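Labels A, B, C, D and E are assigned to the chains in the order they are written; within every chain, residues are numbered from 1.
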Amino acid sequence: MIVYKSTDWWEALRHLGSSKIIRSLFKRVLYVGLYATFVEAAAVEFEILKFTVDKEFFTFLGIMLSLLLAFRTNTAYDRFYEGRRLWGQLTNNCRNLAGLLHARLPAHDQARRAYLAGLLSNFPLALEGHLRSKIKFHNLAEVEPGHIEQLRQAGHVPSRIATRLQEFYEQLLREGLILPEHLITIQRHHEALLDVAGGCERIRSTPIPFSYSYFIKGFITVFILTMPFNLLDSYRWLTIPITMFGAYALLGVEMIGDEIEDPFGKDSNDLPLTQMANRMRANVHEILGVDLHEEIRTLADVPYSVVF
Amino acid sequence: MIVYKSTDWWEALRHLGSSKIIRSLFKRVLYVGLYATFVEAAAVEFEILKFTVDKEFFTFLGIMLSLLLAFRTNTAYDRFYEGRRLWGQLTNNCRNLAGLLHARLPAHDQARRAYLAGLLSNFPLALEGHLRSKIKFHNLAEVEPGHIEQLRQAGHVPSRIATRLQEFYEQLLREGLILPEHLITIQRHHEALLDVAGGCERIRSTPIPFSYSYFIKGFITVFILTMPFNLLDSYRWLTIPITMFGAYALLGVEMIGDEIEDPFGKDSNDLPLTQMANRMRANVHEILGVDLHEEIRTLADVPYSVVF
Amino acid sequence: MIVYKSTDWWEALRHLGSSKIIRSLFKRVLYVGLYATFVEAAAVEFEILKFTVDKEFFTFLGIMLSLLLAFRTNTAYDRFYEGRRLWGQLTNNCRNLAGLLHARLPAHDQARRAYLAGLLSNFPLALEGHLRSKIKFHNLAEVEPGHIEQLRQAGHVPSRIATRLQEFYEQLLREGLILPEHLITIQRHHEALLDVAGGCERIRSTPIPFSYSYFIKGFITVFILTMPFNLLDSYRWLTIPITMFGAYALLGVEMIGDEIEDPFGKDSNDLPLTQMANRMRANVHEILGVDLHEEIRTLADVPYSVVF
Amino acid sequence: MIVYKSTDWWEALRHLGSSKIIRSLFKRVLYVGLYATFVEAAAVEFEILKFTVDKEFFTFLGIMLSLLLAFRTNTAYDRFYEGRRLWGQLTNNCRNLAGLLHARLPAHDQARRAYLAGLLSNFPLALEGHLRSKIKFHNLAEVEPGHIEQLRQAGHVPSRIATRLQEFYEQLLREGLILPEHLITIQRHHEALLDVAGGCERIRSTPIPFSYSYFIKGFITVFILTMPFNLLDSYRWLTIPITMFGAYALLGVEMIGDEIEDPFGKDSNDLPLTQMANRMRANVHEILGVDLHEEIRTLADVPYSVVF
Amino acid sequence: MIVYKSTDWWEALRHLGSSKIIRSLFKRVLYVGLYATFVEAAAVEFEILKFTVDKEFFTFLGIMLSLLLAFRTNTAYDRFYEGRRLWGQLTNNCRNLAGLLHARLPAHDQARRAYLAGLLSNFPLALEGHLRSKIKFHNLAEVEPGHIEQLRQAGHVPSRIATRLQEFYEQLLREGLILPEHLITIQRHHEALLDVAGGCERIRSTPIPFSYSYFIKGFITVFILTMPFNLLDSYRWLTIPITMFGAYALLGVEMIGDEIEDPFGKDSNDLPLTQMANRMRANVHEILGVDLHEEIRTLADVPYSVVF
């Protein structure tokens, strides 16, 4: 994710090249330019392509396509923002869980505090890896002997960590460190962990329906292919840059939508999951009063400019 | 459901034929092409169809129709995504229920664990069948003698499974295996099972209101029938492909909307309910530490490309 | 409510006449046709109505009107669907309440089971009547002597039934049949009953604000009245069908919006409240294991085509 | 609030004058008419205003303005409907609170019942006054000596009533009339009272951001001022009524949005808070079995046509 | 934040200069004017810039851009309003927490009441500073010796205050001043404090995705640069003001969106966080019956016109 000052217009233009999707967009616009040049050259050389054009009809189709792209943009952004919202909720729940148990656990019980802080921090770290199909097990805390080894063999790592947390609450209950009434609140925060994991999996595995995606791509393709013919009679050679600008607008919205709708990758628009997980780790350790290695803690404060 | 890489533009075009709705769309576009050919031929032969056209008015009607189709698209997609969200919630609730009871049940109590894992897994499997009007009873787990037979005679199978689960919690409470306070959390997860079932039934049984559907179909029909007359004077024989492209755009949005709004079928855009139910079964068994037959477990990992 | 297969295009056209709102729409379109004929005739006879027209401006106003109608359509549909959602929630809550109490009540206690099944089933039946301003008291179950008579005298019948249910839970609590912790869950389901009732009353009693409704009607009226003048110079006598088609589009969206926004009537687009209430009654009796008269039970299975 | 039958088109036109905002709109449209007359007269007299016009560009700006007004309309309506929803929720919570405590309080304990009914009814009555900046203290029930005097001196009256209710629950708990578990449910309903109050305050005190409001007003002003110049060449003297119609459309949407976004006033589009509060009072008294003075009770049944 | 009467049209125009974003907008519109003058001058002097223009295509691109800006406006406003909603929720939760504990704490226990009122009031005050990157520690209440010093050293100040509150509840529980059942409700309100903090952090740290922002800025830039060429042939020197008006419309929507989407600054559109925090402090002290220094209390009543 690239962070920028949204009110600074000029500096924004400078960073244009750093977004992969924007580079890829420029490449495609170039192809369209070549195509338009070819059409224009053929029209000039052979004079075979002259015909009157119903510009109104073309405008109507363009507006209809724009409405479809507005729909596309909305759904893609909704997913992006839902992803962000889910990770924000995860932060809140980790803080709340840590705060509640901090107030219950005896102040001197550093063993349990460290265990909880480590286990709870492992959840977002593992979820980040789970969503990006590569869990960095060496980053997780070994809260008890064999813990990481167990996780390596689990089918669904975040779910396994949640199960360990659940067992931990029951243990606290048996030892009388929490009351049954505490459990009611704890469970509410705890279940949110798996809800967030499930929500993120849903966003990742359910793109916009197949038919819509193909339909819009087909519509754009034909629309751009016919565009030079509609512009030839007014603009002559200027048709080429104008077609490219039109293609930039249409392809741009579609391609950004495609990229935004899965916000868990490592593109310049994707969410900084690693940094967020590190920040949760720092928060949870601070709340529970457990020391965190200086080097690990500072990971949470990486300057927020190009982060993943 | 067909899974595809949304950023890969060219490969997408290759799969065009595999969606039933897109094939059906092409057929209708062809009919419109025949109609346009007929109109054009009549106009040329008899010169009876020449008249000036108010293209502005036609454009206004087209934009209005586009706005209605945007509304259609939004409501259809909302249903699709709500269906997906409900099944995602079901996954979360099954995992949470299994996790909570795993932490409470004695580790050695394999009988109860197997009973719970089987019964809980039956819920999504039965719901899948219930929504597709054909429950595959042989896939359900026979958690106790006569269980499947009872289900066969139930009026509402998912509801019957939920009732059995409810009785199971009460039994655990009576035997002191869970506290009354646990029940408060369990009930919250449990009720979500029936909420998901009810929500899916609602989506399936309530299409967009009758009047809207007819109204939009009528509007599109008249609009497409008049389209060639509006294009004749500019395009002559080119009217035919251009009418077909316009029909493709209008019919496409409407037809995809019709199909998407019931996401529980077995079309290429529908949700992979069977696979999701299998995955819940695998999850629940793993969390509760109950062995699942290798063959059944691997059903959850079917490659995610054409799944139902 | 008329149920239809949304993917079947041709059969849909056949049913066109059965929707009251669509019949009324056709009548108004006919009036507009008469008006357009009059304008056209006057223009031809007296040649007084010839003037140049700014079609662009007309298009702009038309698009603005379309955006207002899109807003109108969205709010109307949101109400329709919220009404459906509320009744779906009612179904879920009745099932959940029945399921929970079924697991608690002794299996042999048929008296209490029948009382609960009857009382709970009365709620949706009474709510249906309450929303349609005519409660069919003879359809309600006489769960205890004088019950229906009491309801007849109540100011707000669903609220009175809810009060009786509330007293029933307290009675169960006093007799130790449920624990106080059960009450927490029961109350959550119970309060949803009154929430649904309140939500439905809100939808019924709050149409789109007065000013918007008038404003849109005024806009459409003037727009349609000026329409023939804008079309005369291009279309001559064809102005008449084209004006009618334009009026069909504009009036149609507005009128359907007006009808959809109160989904509790008995129009062809309204929700099948009676059938849904009957189905809840069948569900609740099945879950609680209480026999229901065959004749009453089958009411829930009325073929879903024209139901109220 | 004026209530109307939304399906009755003609009667609606008759009431046009009773909405203050619509009268004010007509006045402004008249001013625009005078301005257009002046422009037209100047153009005819001095022939100085003749120039070609790019109608396409004007149309584009008009459509952009329409989209902004659609946004304006949506946000205004969302506030209106959220206000309605909050008061609906208040109704539900009052009924639920009354129902729950009715089932717990001894049937003969008329003193406590009357106290609760009065105090609970005071909440919506006070909130109505609070939102309209004038609490009618003489309408509130004097539930205990000095109660109203205390309220008069409170900084935030609804909050003070809620505090008294909270003390009442604690008293019931101390006397064993409710169990601690009841409190969990009661608190949920109770907190909704203050949530509704806070939500309404939010709607009232946060209009659409300053910049948007000014920006749209500036856009409309310039757009309407240039409108006659765009129409002159086509319409000559007809420019005047057509400009007025355009101004009606644009000013109308903006002005209605301004008015709707604060639904707690006493305009013809505002919510009937007084009547709703009276109805809650009647409901609460009926549920708790407390007599209400005939005269007060009938206030709830004021015919729903012009109510505040 | 500037407060204004939305129905007063003329006074609104007077305040135009006080919004920083609107001043900045006027500056940019001026630059565009200079550019248009240059283009017009070149066209007149050298006659090199004459060509026919496809106005339809330009209109289509303009409408597509308008749709993107409508999307931009919606997302920006959603953030603004979500921010407002979160602070409204914070108000409700502080009031509810204070109300519940007021009813439980002994009336004479002024020490605990003052401690709670101070600590609870510190939360919004600290959150305001946290969101604006500068906590005014001297404004916080020193509820116990060393409290503010501790907060100064905390990594996340609102989180530290929440932890202290959590410890306070546990202390009340240990001393029997609240029952475990109270804790269930208290926790629900308490967790909302951190949820609000997390939600606000999310809004502040997640602007609209990088690609969309750049894409829209690029689109607008090219569109405005080509605008004079499209208008030259119709308007000659009038091109300059008309281009400026077009630029005003496009740049205005984009710039206001940029500013609105972070509602926690001190611009004229931003939320009056300081005043809201002061008001919560006054409310909480009033509810708990703790005296607040006259000078501090009146901060909550600062006239609502230009507040931060």
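Please note the rule applied: a residue touches a chain if its C-beta (ideal position, glycine included) is under 8 Å from a C-beta of that chain, and two chains touch if they have at least 3 such contacts.
Labels paired with UniProt names: A, B, C, D, E = Bestrophin.
Fair warning: this is a prediction, and the values are worked out from it, not measured in the lab.
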So if I superpose chain C on chain E by CA, what angle comes out, to the nearest 5°? 145
Chain A and chain C: spacing of chain centres that average the CA atoms, whole Å: 39
Whole-Å separation of chain centres (CA-atom averages), chain C against chain D: 24
Check each residue of chain D and list the ones that touch at least two other chains. 56, 59, 63, 67, 70, 180-181, 184, 259
Could you list all chains around the ring, opening with chain C and heading toward chain D first? C, D, E, A, B
Provide the residue numbers of chain D that touch chain E in the complex, in ascending order. 51-54, 56-57, 59-61, 63-65, 67-68, 70-71, 75, 154-156, 159, 162-163, 166-167, 169-170, 180-181, 183-184, 187-188, 191, 194-195, 197-199, 201-202, 205-215, 217-219, 221-222, 226, 255, 258-259, 261-262
Which of the residues in chain D end up touching chain C in this complex? 1-4, 6-7, 9, 12-13, 15-16, 19, 21-22, 55-56, 58-59, 62-63, 66-67, 69-70, 73-74, 77, 80-81, 84-85, 88-89, 91-92, 95-96, 99-100, 102-104, 179-182, 184-185, 189, 230-231, 234-235, 238, 242, 245-246, 248-250, 252-253, 256, 259-260, 268-269, 282-283, 286-287, 304
